[in-house]
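Following this message is one structure expressed as structure tokens.
Every chain is named by a letter (A, B, C, D, E and F) in the order it is written, and numbering of its residues begins at 1.
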Amino acid sequence: MTNEEAKRQFQAIFGEAGEQVLQRIESYSPRLVGHIYDYIAGNLYQDKSLDLRTRELCVISCLAAQGGLNEQLAVHVRTALRGGVKNEEIVSAIEAVGTYAGIPRALNALFTAIQIFEERNQ
Amino acid sequence: MTNEEAKRQFQAIFGEAGEQVLQRIESYSPRLVGHIYDYIAGNLYQDKSLDLRTRELCVISCLAAQGGLNEQLAVHVRTALRGGVKNEEIVSAIEAVGTYAGIPRALNALFTAIQIFEERNQ
Amino acid sequence: MTNEEAKRQFQAIFGEAGEQVLQRIESYSPRLVGHIYDYIAGNLYQDKSLDLRTRELCVISCLAAQGGLNEQLAVHVRTALRGGVKNEEIVSAIEAVGTYAGIPRALNALFTAIQIFEERNQ
Amino acid sequence: MTNEEAKRQFQAIFGEAGEQVLQRIESYSPRLVGHIYDYIAGNLYQDKSLDLRTRELCVISCLAAQGGLNEQLAVHVRTALRGGVKNEEIVSAIEAVGTYAGIPRALNALFTAIQIFEERNQ
Amino acid sequence: MTNEEAKRQFQAIFGEAGEQVLQRIESYSPRLVGHIYDYIAGNLYQDKSLDLRTRELCVISCLAAQGGLNEQLAVHVRTALRGGVKNEEIVSAIEAVGTYAGIPRALNALFTAIQIFEERNQ
Amino acid sequence: MTNEEAKRQFQAIFGEAGEQVLQRIESYSPRLVGHIYDYIAGNLYQDKSLDLRTRELCVISCLAAQGGLNEQLAVHVRTALRGGVKNEEIVSAIEAVGTYAGIPRALNALFTAIQIFEERNQ
């Protein structure tokens, strides 16, 4: 996949919210931005062992477990919802984070997810 | 669900490896063991918003991201495989952990997963 | 303990600040809210092996060590103070977090605690 | 407090298990060993805002929450028990870690604590 | 080194941004403030095994890897820049954090660093 | 850089210890192994904004701060030493981790580093 194709893949997967994250760092860290386009969008997300819905629920679990990553979590919640994941599937994955990484991490992830659910409802 | 039913659910979901973890703590922390039977097996895992396969891939992501939880990760890798998850789906979820929580966490999770894949191959 | 009693226990222990946290997630994650009422308030906090003051200092240590959990830390600092824990006991527990989890985690926890100390002084 | 007094305080507080940890690093990192004697034993632990029993339960919570610190956790469980903390108080603090930092972190801390409880019973 | 000299060292190393952090906690936790002056500024930073530039890049890596420490990260980015570290050296260290602690931790650290780069450019 | 060149770069940088890590996962996760060759060895480590010595001290700080990554830490300590970093520089970076991520994380990293220092002395 060429760099241009990878960039288009990135935009198709992560939309405007993802793109805005990269624009903030592009001129300072072209290496990291290039890596995100080429490896994440152009390679990792092209792996069809997991469908997009399962992948996004896994990434949401991974981000919520670590804590302090609300902005990135928001990008993946939006990507999941655009890909057809239902609110209650995201909630269920985060409830499991409560058990396996502590209730406070789950609460913070829910606050982020619910804010996005409600924006979309308006 | 009665406590006895929750205990049987636990055994059905997590098998012998899960049971052995709880036996090591049962006489010292009946509260935590009771909580694991009643809430995790009897409530969280009864939520059908996520099927068992998706749930286990999410929990594997959550554990791998935190690090230092190889024993618990092994229980969930075994549960996933017994539930029909394929090796390459687990590998794909862990590869995403490499991106979202660092390559070293992914390597450690892969070491644990691969050891279980190979035991089952023998 | 019935669900209603557990809910009253929760309100008695964590007060208005705790209640507000749960109201934000209640309609999306009744499972997690129910778990917090029934298990945390109705079971964990009923265990008298630790008195409330010691328990809250332990929970404050646990939250401060992980980082990124200021909102939950604030709830437990308020609960501790309402239960008669003195400012200097909380400061002393957080100073230990500086040694055992790094000075930056301790600084962040102190910022949160001091803000609450000062609100109560006014 | 002189360095020699701080060293004696350290030995009085943490015993042989603590001393062995420092002997492994002494010739390579005299700065860190000196810091542990002078600041931890000679200053932090001299602060009487928290009694030793409460302090150790807080430190156990702080270490258990972070994970991957079994050796240091063992030193503090031994210190707590020598200082008169009861097994069930340690278990209760770790059960709270299960809620506030995830069940897997609590399980690992319990494994470490129970091993020490059982050694002392023999 | 006397306490007064250590305090002057601290101000010389960390400047106004560092001093403001300590002023917020000084009256509540003189122990921690004293420790930061005496040990960090008066001892750790006097160790010439690492020059200031290398040390700050290491501390930036350590803070960025843990996450949720933006305020402390900002202090060390400013200290690094005042000490002659170039923007691209800080970016390169943070890019490595992306590989070894996950892309999201690196993105958050870059957001903090870039904001400081841009303030200084104005 | 071709894949073959990146692989040779990897071997030149990380030596036998690094190679052994990848051999354990190669047949299960060719994507992650390819990524490590191409991106880490072939791109990240080719960035000359940081020289190898500074880079390795930063990566050691990043790994030590997270905890539970002893095997990966060992690879980077060996790489640093082969590249001319002195024992006391590594010790100094880890002492800073004690301040910025907690003494226990620093102790564990020192145990790993000292074991390697001593193997090389024999």
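Criterion: a contact is a pair of C-beta atoms (placed from the backbone, for glycine too) under 8 Å apart; a residue touches a chain by one contact, two chains touch by 3 or more.
Note that the structure is predicted; figures quoted are calculated from it, not measured.
Undergrad: Please state whether B-C or B-F has more C-beta contact pairs across its interface.
TA: Of the two interfaces, B-C and B-F, more C-beta pairs touch across B-F.
Undergrad: Over half shared or under half: which fits the residue numbers at the contact of copies subunit A and subunit B, same or different?
TA: same
Undergrad: Write down the chain pair in B-C, B-D or A-C that repeats the interface of D-E; the criterion is over half of the contact pairs matching by residue number.
TA: Of the listed options, the interface copy of D-E is B-C.
Undergrad: Can you compute the centre-to-centre distance for subunit A and subunit E, using the mean CA position of each chain? Integer Å is fine.
TA: 30
Undergrad: Quick one: report the Å distance separating subunit C from subunit D, using the average Cα coordinate of each chain.
TA: 23
Undergrad: Where in subunit A do residues touch at least two different other chains?
TA: Counting only residues that touch two or more other chains, subunit A contributes 31, 35, 39-40, 44, 47, 63, 66-68, 72, 91, 95, 99-105.
Undergrad: Take each protein chain as a node, join two nodes whenever their chains touch, and name the resulting shape: line, ring, star, complete or other.
TA: complete
Undergrad: Of all residues in subunit D, which touch subunit E in the complex?
TA: 31, 35, 39, 43-44, 47
Undergrad: Which residues of subunit B touch subunit F in their complex?
TA: Result: residues 67-68, 87, 91, 94-95, 98, 102-108, 110-111, 113-114, 117 of subunit B touch subunit F.
Undergrad: Using the touch definition from the top, list the residues of subunit E that touch subunit B in their complex.
TA: 99-105
Undergrad: So in the complex, the part of subunit D that touches subunit F is made up of which residues?
TA: Listed in rising order, the residues are 21, 24-25, 28-29, 31-32, 35-36, 40, 63, 66-69, 71-72.
Undergrad: So in the complex, the part of subunit E that touches subunit F is made up of which residues?
TA: Residue list for subunit E touching subunit F: 39-40, 44, 47, 49-50, 54-55, 57-66, 72, 86, 88-89, 91-93, 95-97, 99-101.
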